[in-house]
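Dumping the structure here so I can ask a few things about it.
Just so it is clear, A, B, C, D and E label the chains in written order, and each chain counts residues from 1 on its own.
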Amino acid sequence: MARIGVFVCHCGTNIAGVVDVTRVAKYAGSLPGVKVAVDYKFMCSDPGQNTIIDAIKKYGLDRLVVSACSPRMHEATFRRTAERAGINPYMVEMANIREHVAWVHSDDKELATQKAMKLMEMAVAKVRRSEALSKMFAPIEKRALVIGGGIAGIQAALDIAGAGYKVLLVEKEPSIGGRMAQLDKTFPTLDCSACILTPKMVAAAQDPNITLLTYAEVTEVCGFVGQFEVKIKKKAKSVNSKCIGCGVCTTKCPSKKALSEFDEKLAPRKAIYTPFPQAVPNVPVIDRTACTFFLTGKCKICEKVCPTGAIDYTQQDEFIKEKFGAVVVATGFDIYDHSNYGEYGYGEIKDVITGLQFERLISSTGPTAGHVTRPSDHREVKNVVFIQCVGSRDEAKKRPYCSRVCCMYTAKQAMLLKDHYPETQAYVFYIDIRSAGKNYEEFVQRAQNEYGVLYLRGRVSKIYERANKLLVKGADTLSGAQVEIEADLVVLANGFEPKKGAKEFAQLFHMSSDQYGFYNELHPKLAPVETAISGVFVAGCCQSPKDIPDTVAMASATAAKVCALFAKEKLEVEPLIAGVNQLTCSGCETCYNVCPYSAIEMKDKEVKRGEVRHVAEVLESVCKGCGACVGACYSKAVDLKGFTDRQVLDQVETATAPITDN
Amino acid sequence: MDKELQDLIKKLLTEKKVDYAIGYEKAYDEFSTRPAFVTSAEDTARLIFNKYCINNLGLYLTKLKKNKIALICKGCDIPTVRELVKEKQFSRENVIVIGAACDGVLDKRTGKQPEKCLNCGVKQPKGADFTVGTAKDSTTARNFNDVAEFEKKSSKEKMQFWDRQFEKCIRCYACRNVCPVCYCPDCFAQRSMPEYLNKNVDAEENKMFHMIRMQHVFGRCTDCKACDTACPVNIPLTLLTKKLAKDAKELFNYESGADMDARPPLSTYDEDDPESGIM
Amino acid sequence: MFKVAYFPGCSLSSTAKEYDVATRLVCEDLEIELVEVPEWVCCGATTAHITSELTAAVLPARSLIWAEKHNMTITSPCSACFSRLKMAQLNLEKYPGLKKEAEEILGETYSGKGEVLHLTRVMLERYGVDNIKAKLKKQLKGLKIACYYGCLMTRPAEVCENDRVEDPMLMDNLVSALGAQAVKWSYKTECCGAAFSLTKTEIVRKLSGDILKEAKASGAELIMVACPLCHSNLDARQPEISKLLKAELNIPVLYFTQVIGLALGYGYLDLMLNKHFIDPAPLLKAKGIL
Amino acid sequence: MDNKVPQLNIVGFLCNWCSYAGADMTGLGRNTYPSNIKVIRIPCTGRMDPMMIIEAFHNGADGVLVSGCHPGDCHYTEGNYYWRRRYPHLKSLLEHFGIDKRRFHASWVSASEGKKFAEVVKKVTAEVKDWRDNG
Amino acid sequence: MAYLIIKDDIKNLLDELIKVKAVFAPKKDAEDTVLFGKLASGAEWYGDSLLTHTTAKDKVYLQSETFFKIKKDKNGVFLEDPAEPAETVIFGCRPCDARGFDIIGKLFNWSGFVDEYYTKRIQKTTIITISCEKPESTCFCTSFLNGSPVNSTGSDLLLTPLKEGSCLAEAITAKGEAIITGYSRYFKEAGAAEEKAKIEFKTEAEKKITKKLDLPGIKQKLDTSFDSSYWDTAHLPCVKCGACTFVCPTCYCFDITEKAFDNINSERVRSWDTCMSELFTRMAGGVNPRIDTKKRFRQRFMHKFNYHVDNFKEELCTGCGRCIKACPVSIDIRSVIENV
């Protein structure tokens, strides 16, 4: 027989001002199984909790009902109280007589009191059916997978490795470095992007705890926190480990048809190539769609010139399967494609370029070796118009969000232009300047005041192609005038959008994404780097557009989360999860189909002696306790701990029965 | 037709393609048949097929899960096989479906054709591995007019109607036990912890049993009428099973046992599902 | 036989008579049956739509209902008429109250299902440039044409359902099919100033002048249009614009059906080319088309 | 409506993450509603076994309300989508058995919609009362 | 002493009885189901069907019998006895039904144990039986000792329809006698001709029952066939529902349950159970001696025609044939035991 204690809280006058708490307590005392029922001013206070602990000891209680505020407020508190007194923490139920009674039924104290009695009685009915539950533990594979070798992935990998854990860093491209490697200088300090990034790339390559896997993609994921099993495709590089990175093959390769991804298609690249000179690892790959040998069966020049015999045309894609305890997703972003901006020429005007293309143009390692010339005729430029918010803050293009960095990089680029070519004039069309960040506003001010960049608040209505010139028509809303600028080059501040295939990638992990495809964090404020899938963390622009410092901070945050997870001996699992009674399971796979977490496994199992049946089993460390399986199971074989059918039914029965308070 | 059927089964048994053939044989008088389980070629002579073969033999698939079975099915029984395969109760390779062309069956209690035989579009079975005989499908499509007619009643009238029906119910569970999709190893009705259903037999308790059973078979019931025919006190369960079929069709455009690839309506969803009056 | 309801509009029986004549000629050759909406009334352009929402809806609704009843797509060669028909259709759908009122006035019901398209889309999309190409009698070799679309047949974009609102290609594709060369230029949809046609002519001269200048600069020898209002601004005002710009523009402006007509072998007077202020004869003769 | 409707018993199943929190919010905002509803906290509307609702009516509940997160907002990503399918089916089936449609309701109430929760409860109570009074 | 009652007077008699007792008789409803229902007037009686869909057993041996209620109020928890049973008449059952009361009666009063709930009810019940004129293909009452369409075992008053629109009424017990004396205006003494007509009626009716079982022979066979492989296949068609046992006039198995105490009330109830149900023999802890369906199927026939005979020297069956008709898969009890 249960020994229940009922504790009714006054919450000062919050409850007691409306509900007759002594009557509630008295009624509680008359309920079967209730050994003691008391009311007290503040149950959650130290003396309040001590009252509970004393009562537990004095009456040998094994279950508690606290009639007070919302369980969302203090359930955890009273569970700890119970634990302190030696009762299983899951033998505690709360009756919410503050938010759900006193505060909402203050207009009739009698009805409020009756409802409080009822809710308390329902909690008693539920706790009577409660079972002692204990936290469960699952093993952790102390090895992290970092997906994406941009600055976010590199930083996360370095931090995790620094704590002594092994990391596998997977990058799709032949080299790590990501978007940051494409940049010329970084705001607001104007230091060289490569100068600050390259050391990190090298550090990642040299760290004994980090394994680099470039030109590789994650293709399959199963398992769960602590025990992810990930299948990775190592794309055939056609270059084997004998390569010493001398670069002769690249120099001699005759194919120039492909366009360089790294240079944003402003320049051709060879069929055997490293994306950029500082590539890590410095091992070229053959792009089989461009290679003359793979296309025609003739050439093999690279094989002939290679001093180490590292070229291997027969290499095949290879799949590896490895186990990880945690995953950091840092898959980055794409630049918004402005080809559906008709007013800017549908992406067909050669001298209307993206911000990232401008980075390559002005970068000394770029296709023009830092000379800003027009892509169409390679003439030097005089007037350059920058247009902000292309694919950002634009409802019509279904990109209403702000990409956060464009104001800054536009200012940076305008300044760099002036630095390189003092005789040029930069014009910037903007909606608002968003320069929140340390030294950011000052930076923009500098662009305007010291560099004479002309800021025009308004949109460009159309770019007209004239012979050798671009006529940019727009509005300056501050002066109210129409503006026409004869420009040599127009640079669009393209916003950020999710990487192509981001949604499909999310499905590998069952992660959710927002309407644009950016990955959803678990909580926008309090869990910004976690995802709904425990053990999977997000860093950088795959979650939302952000600048380098924020990306790095976020990456380090994921590393901290991973390390915190790995620091534990074993994984603690909340016991409020589903469980299958396999004797009654009919094996229809309904639960298996509805589970949002793939926490159900179907097995052929001997459920009774001599009787092997196809039955469901809950993977305890994966289950989140949502109960979708319970709601769907018509065999009534699944139940949810903490919200069992027995508990709910008894609550229902109590809720509908009259009060026998006399 | 009997001869053709017997020969086919004889062949399947002789070639050891199946362990059991489940068909029909004559029962206690010329107006009744009962399920026959045949294991040897010599025994096939008792198999018959006529207009009294009302039982849905698909029921036995879940009871002989491990065997290879040849099952004689009327066109209206085949959805049951599909549904059970879909629900992983039986693997399709283990059953050879022998479709028997049927011109409608007769209910032994009334001597009349049950409702399902009117406007039947599967007199000539569809989806069988072998088919015996030929029959002409009805050209008019099935309709839900009778259910729609009942739906017009006020909720009070409906309540009274069912109260009167379930007053009669003796909770013999014949409806449940002949139902092919009521295969749960331990029916909720006989659980004690928690006690979903009281053992007490009274109209209210009986009604709850039927409500829950109907809910549990929603999207799975193929409206085969086995429960309706089995009821010893003639409760018109067809009015309920047909309602399920109607709702599945109207709410989710789903037909149980029709499409092997369609997900059961309650174990899937669409982000664009209608709000159905949810506030 | 390809059959559409034809709403010519008022310009086509007056200032743009040649457009109507050429259109009917060409369509007959192409076996496109133009069924003129019987007793059509004013589309409500210029005044109705800015003064009375109801009038603006009821006027076109009459024609819309007729076309719908006869199960035909309704088309107009005039961009303004097209715009009014299409806007009325959308407004009647969007505002049930307006629809009810309009239906009461007309004594008929309107389902809103019928299709409303500008003549260019009917001929060049539905009928198809390829089908036109198959019927041509000659190629307009060596002719450089600037296609001018104007505003009402391209905007608002979501109404006109044109996915390249800033750079339409419909007529440009036709030009290529006719064997001529469509010049690439950026003024295809600029404003010609039509709304100020009679009130503030200096604005019209400036705006239309820009268009003509740009066409000339891009190498065009001829401008092709599909709207009587565009035409009158670019053609009739050209002499005064030339004077203003102090440069002889002398660039003929033809309706697109007239240009098709040329490729179908029709002559100068068949297509009423004599009606234009800037006579295209010298150019066409020089190119060996006439 | 009047918040005092004695003798009506309404069982409310609220999902922990949105609607229960929303009901808490109703309290925080001191919005009042009729006291007939007795709330049972469930983790998610996906947990809502239709049996529980049938049992509630069998036990004599006059009305039942199930409330969860708005579509797309489910804490467990999908639970409310499943519920959104169970609800119309169950409502239709119950109605067929003679359980009036005014007695069974569902709503989406987010954690911030305290006012909406009060409105929902008022509406449900009024509907159940209407059924009781007018048959 | 035998009497005659005119058929038209039967309705009048019923109307009179209704005034003082609860009268149950066959009634037909909209679905053509004929069940024993409480009559509000004699006109409601439907006499044209041979057998009702279920027996009258449940009027004496209730399908769910409340033993007592548990109640709680401010004075504490106490038990409440159920209401006393009312004076009851079961009218229009058949000899096979009536015989069922005799068989169950022996069981509920066996070796010194008296079941007070059954006994109280049967004592207050008068059973008026009508002989069967047109037995059906499922009938086999003549297989049993004294079994016949006119058998009076278990009845208080037996009515046998004669040709001239009247019935021969024979009081079998004092309760039956009381009906005749209490309502003597409807009865007149019968003569030898009527007695003779009854014998003719009997021969005619018995002739219609073609199936006769060799019960002693079957008993012998059953004694040795517990482990027979016959049962391995015989049970296959059976779906293990309880229809056969719930429509049987002699099946008496039950289960006693208590409703969970919800803090206000609860009750202890005896409900019919069926050996066909897996739950029937499931014990606390989950062990179930008759877990497989074959064993349950075998039990039903063994009990009726073997074990019960050992204990009571008669079969637990009256040959009404209801189980054959009610069976959803048309299993014939006669052929099952004959084919062992």
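Convention: a residue touches a chain if its C-beta (ideal position, glycine included) is under 8 Å from a C-beta of that chain, and two chains touch if they have at least 3 such contacts.
As the structure is a computational prediction, the values presented were derived from the model and not from experiment.
Peer 1: Which touching groups survive when chain A is ignored?
Peer 2: In the absence of chain A, as far as touching goes, the chains form B, D, E | C.
Peer 1: Chains shared as neighbours by chain A and chain C?
Peer 2: none
Peer 1: Consider the two chain pairs B-D and A-D; indicate the one with the greater count of contacting C-beta pairs.
Peer 2: Looking at contacts between chains, A-D has the larger number.
Peer 1: Quick check for the class: compute each chain's Cα centroid; which one is farthest from the centroid of chain A?
Peer 2: Checked the centroid distances; the maximum from chain A is E.
Peer 1: If we define chain centres by averaging CA atoms, which chain lands farthest from chain D? Would you check?
Peer 2: It is C whose centre lies farthest from that of chain D.
Peer 1: In terms of CA centres, which chain lies closest to the overall middle?
Peer 2: It is chain D that sits nearest the middle.
Peer 1: Where the centres are mean C-alpha positions, what is the separation of chain C from chain D, in Å?
Peer 2: From the centre of chain C to the centre of chain D is 59 Å.
Peer 1: Could you state the distance in Å from the CA-based centre of chain B to that of chain D?
Peer 2: Distance between chain centres: 35 Å.
Peer 1: Please compute the C-alpha centroid of chain B, do the same for chain C, then give the distance between them in whole Å.
Peer 2: It comes to 66 Å between the two C-alpha centres.
Peer 1: What is the distance in Å between the mean C-alpha positions of chain D and chain E?
Peer 2: 48
Peer 1: At which residue positions does chain C touch at least two other chains?
Peer 2: As it turns out, chain C has no residue touching two or more other chains.
Peer 1: Could you say which residues in chain D touch two or more other chains, in rising order?
Peer 2: Within chain D, residues 50-51, 55, 78, 82, 86 contact more than one other chain.
Peer 1: Using the touch definition from the top, which residues of chain A touch two or more other chains?
Peer 2: Within chain A, the residues that touch at least two other chains are 594, 632, 636, 645, 649, 653, 657.
Peer 1: Touching chain D in the complex: which residues of chain B?
Peer 2: It comes out as residues 150-151, 154-163, 188, 196, 204, 207-208, 211-212, 214-215, 218-219, 240, 243-244, 247-248, 251-252, 265-271, 273-279.
Peer 1: Touching chain D in the complex: which residues of chain A?
Peer 2: Interface residues on the chain A side: 70-73, 96, 98-108, 111-112, 114-115, 118-119, 122, 512, 532, 576, 594, 596-597, 624-628, 630-633, 636, 640, 643, 645, 648-649, 651-653, 655-657.
Peer 1: What does chain D use to touch chain B in their complex?
Peer 2: The contact residues of chain D facing chain B are 50-51, 54-55, 58, 71-72, 78, 81-82, 84-101, 105-108, 120, 123, 135.
Peer 1: Within the complex, which stretch of chain A touches chain C?
Peer 2: Checking each residue of chain A against chain C gives 342-343, 345-346, 462-467, 471.
Peer 1: Considering the complex alone, what residue numbers of chain B touch chain A?
Peer 2: Its residues touching chain A are 87-89, 183-186, 188, 191, 193-194, 196, 215-217, 263-264, 266-268.
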